[in-house]
């Protein structure tokens, strides 16, 4: 089992922010677009939560995680692409496991595997979705068959 | 315990419809308004469910219950007030308990009570929200104190 | 690979019902209890969906699936355990794959596997959650390690 | 105001189905993939609703709308790509407005407009999202500025 | 284009709090009432999120935003009107755009417009919902026609 | 009215944390299990919120509240039982009412009551769910009848 990329060490990042906006007058159609823009501009994550606001309005809570130095870029997009006149934010600590990436060979083809380490041992492996998707389409089989082929390799290596 | 209004007998109504529309381009702000319009036009119930549609769009499923003869009125409002170009519907059976309404005296004032009957016995009592709300505001106490005062009367009558 | 139980053949069951109730005055605490009661009385499935009702009320849509001959039992529970004075229902067709159940041996112990068949081939395998949970607790390892051990056996058998 | 494509007449389609599956053991990552597959295979709409199932499981209700003759294609995908051993379905009536499509010129470029007709009058206009998205990216302006430019043209024509 | 009210300058307010309570034993009916009370007492925003708690309980997360000096008023209402024995809170930074308010004339009547400024330019305009609602009702037309009439004026002014 | 246990005084606890993880590749089935593990390890609360992530993935936000000294135990479980490679956390203030616990006698049997005090007065009473559940099952009556019997006692004592 050889590591192709050097591991990222376990650490706590304390320069992260969560940014939040409640949106009750931005159509859902625009929000798919906003998500793409925020990722392109460097957000670590963007996600939507359904909320209920005053006057019987079903609405959406946009939340994003970014490093402090990305706040201005996020602000730029939120103000131009949504209907909001403001947003809120607060600092977060982010714990990240030691991790490394390598490529394994499954019966359907190669798949990148992200692995998480603890006390010098791999305790977690997560196949790269895009690799799995491409193999499923190329081999004309179900996506879940690709994932199961990955688990087979991972389990066999443990023995 | 005297019944002020004659009971509505237990029955199954098989001339009801559920009407549904997925909305990903109507802002939440308009949907509060649409709900009011649909109730005014005779919908038995209207409610919103958060859904997730294609292209990462958080959206809203509008559902309403109405009798078959109200379908045209509902259609009128859905087509003029939302952004949809269509909707779907299907028939439902609605079971309704035998029910009656009476006014009880609580320590804070009178409250209308809707009661559900089974086999000639009241098995359920539901105070009218608007009555409770008004008493809470008039007496400057918490809404839940009004509800608890109602349960006290209901329980005492059982003895 | 021996089948312990005879397979259930693929079929469409057209004597199923979906039963629905909107609940805006039943506390969530009671709803966990109601779910248990409905399963005990023979519901095939019970699930809750968050909805938004008039007057800014966050509420819950209770839905259950049952065979037609269970409707009276479901009614009994809904009327006695929730605050509703009625409910709605409509018929469904339920497609069920041919399925069989067998026990496999993983490195952590035996697990029951439900398998789905199509055209004489197993195309799907689903380990029994309760078996996995017990093995995880007995062996003091993560639940996901049990599932991965199951996939390993399933994949190896395919070769 | 010239119509580029002949209008589709108002009608009710009564050969549509809604297909539903509750999924508590399919990871969300696979569900994005399944949605794409179902649309490619001819579903009219596919959407996800968050639900709560037994044993404290947050889960997802997959719903899709399709014509009756697409049921087998949908079945094929649901059985191979998700973890389910079955699904349920029921017939729907779908009301569709008379509609036509034309291209308008905005200050940022051409946009396709879907229009809904009632009693010989356009009562609704919906710009094509993909056209708006491309113009926003090409002109480096906000998506909402494209939509507002569309409304300007639509409103001016009414005068 | 004359500004009727002096603009509020862009700023970051760092004396805001978010207050949160998980509610699994307060009926939805009471929560509509609580929302009104919190707004009346000076909350900047109040919203509900559906959550899932232990023992299969569908529940509601109440969140509110308020300035630090309103915390006692919020506490008073949460403790008297809901079933909770406590709540949590944490500080937020709130970014607010420079904004001003003016009244515009649409073909259906006057509407207040809130505008957001960046670098001395209006980049965002949001019509006042209550004004639009009143005009829709007075003129007996759809709410969305009022909004579109607003966008027409806003776009025309840009030329 | 005698207090069986000494009251816990009103206080603000500022050594609490909220821990959060977005999960789009952990099946719902495992999440019920994770919730149990986190409670067993000392979480004050654990709850799930439906969210929508990139690539059309319906997902789940796991949130938990714990004291700072429990962070390592929570980390241990999150890393071993879910698919995540990290999580985020931030400090919270938790306000807790003065509270005490006593047992009352209802017509169906004894029920533990948690009471909240303000300015030397009980302003809130919350019956213990597990006690109510057991009485409902033992007496073969509806859970809500037990709760109403509790309110009756509570209200009578106020007089």
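Letters are used for the chains, namely A, B, C, D, E and F, taken in the order the chains are written, and counting of residues starts over at 1 for each.
Keep in mind that, in the parts below, a residue touches a chain if its C-beta (ideal position, glycine included) is under 8 Å from a C-beta of that chain, and two chains touch if they have at least 3 such contacts.
Note that the structure is predicted; figures quoted are calculated from it, not measured.
Looking at chain E and chain F, the chains that touch each of them are A, B, C, D. Interface of chain C with chain D: the two copies contact each other largely through different residue positions, with under half of all numbers used appearing on both sides.
Among the remaining chains, the Cα-based centre furthest from that of chain E is the centre of C. Of all the chains, the one whose CA centre sits at the greatest distance from that of chain B is A. Between E-F and the choices A-C, B-C or D-E, the pair with more than half the same contact pairs by residue number is B-C. A separation of 26 Å divides the Cα centre of chain A from that of chain D. Chain geometry summary: the mean Cα position of chain B and that of chain F are 29 Å apart.
Annotation: 40 Å between the Cα-based centres of chain A and chain B. Contacts with at least two other chains are made by residues 25, 29, 35, 48-50, 52-56, 58-59, 80, 83, 90, 129 of chain C. Those residues of chain F that touch chain C in the shared complex are 29-30, 33-34, 50, 80-83, 129, 133, 136, 142-144, 147. The part of chain E that touches chain A in the complex is made up of residues 16, 18, 35, 39, 45-50, 65, 90-97, 99, 114, 116, 118, 123-124, 126, 129.
On chain A, the positions that touch chain C within their shared complex are 50, 52, 54-56, 58, 148-149, 151-152, 154-156. Contacts from chain C toward chain E in the complex involve residues 23-29, 31-32, 35-36, 48, 50, 53, 55-60, 83.
Contacts from chain C toward chain B in the complex involve residues 22, 25, 49-55, 59, 61, 75, 79-80, 83, 85-90.
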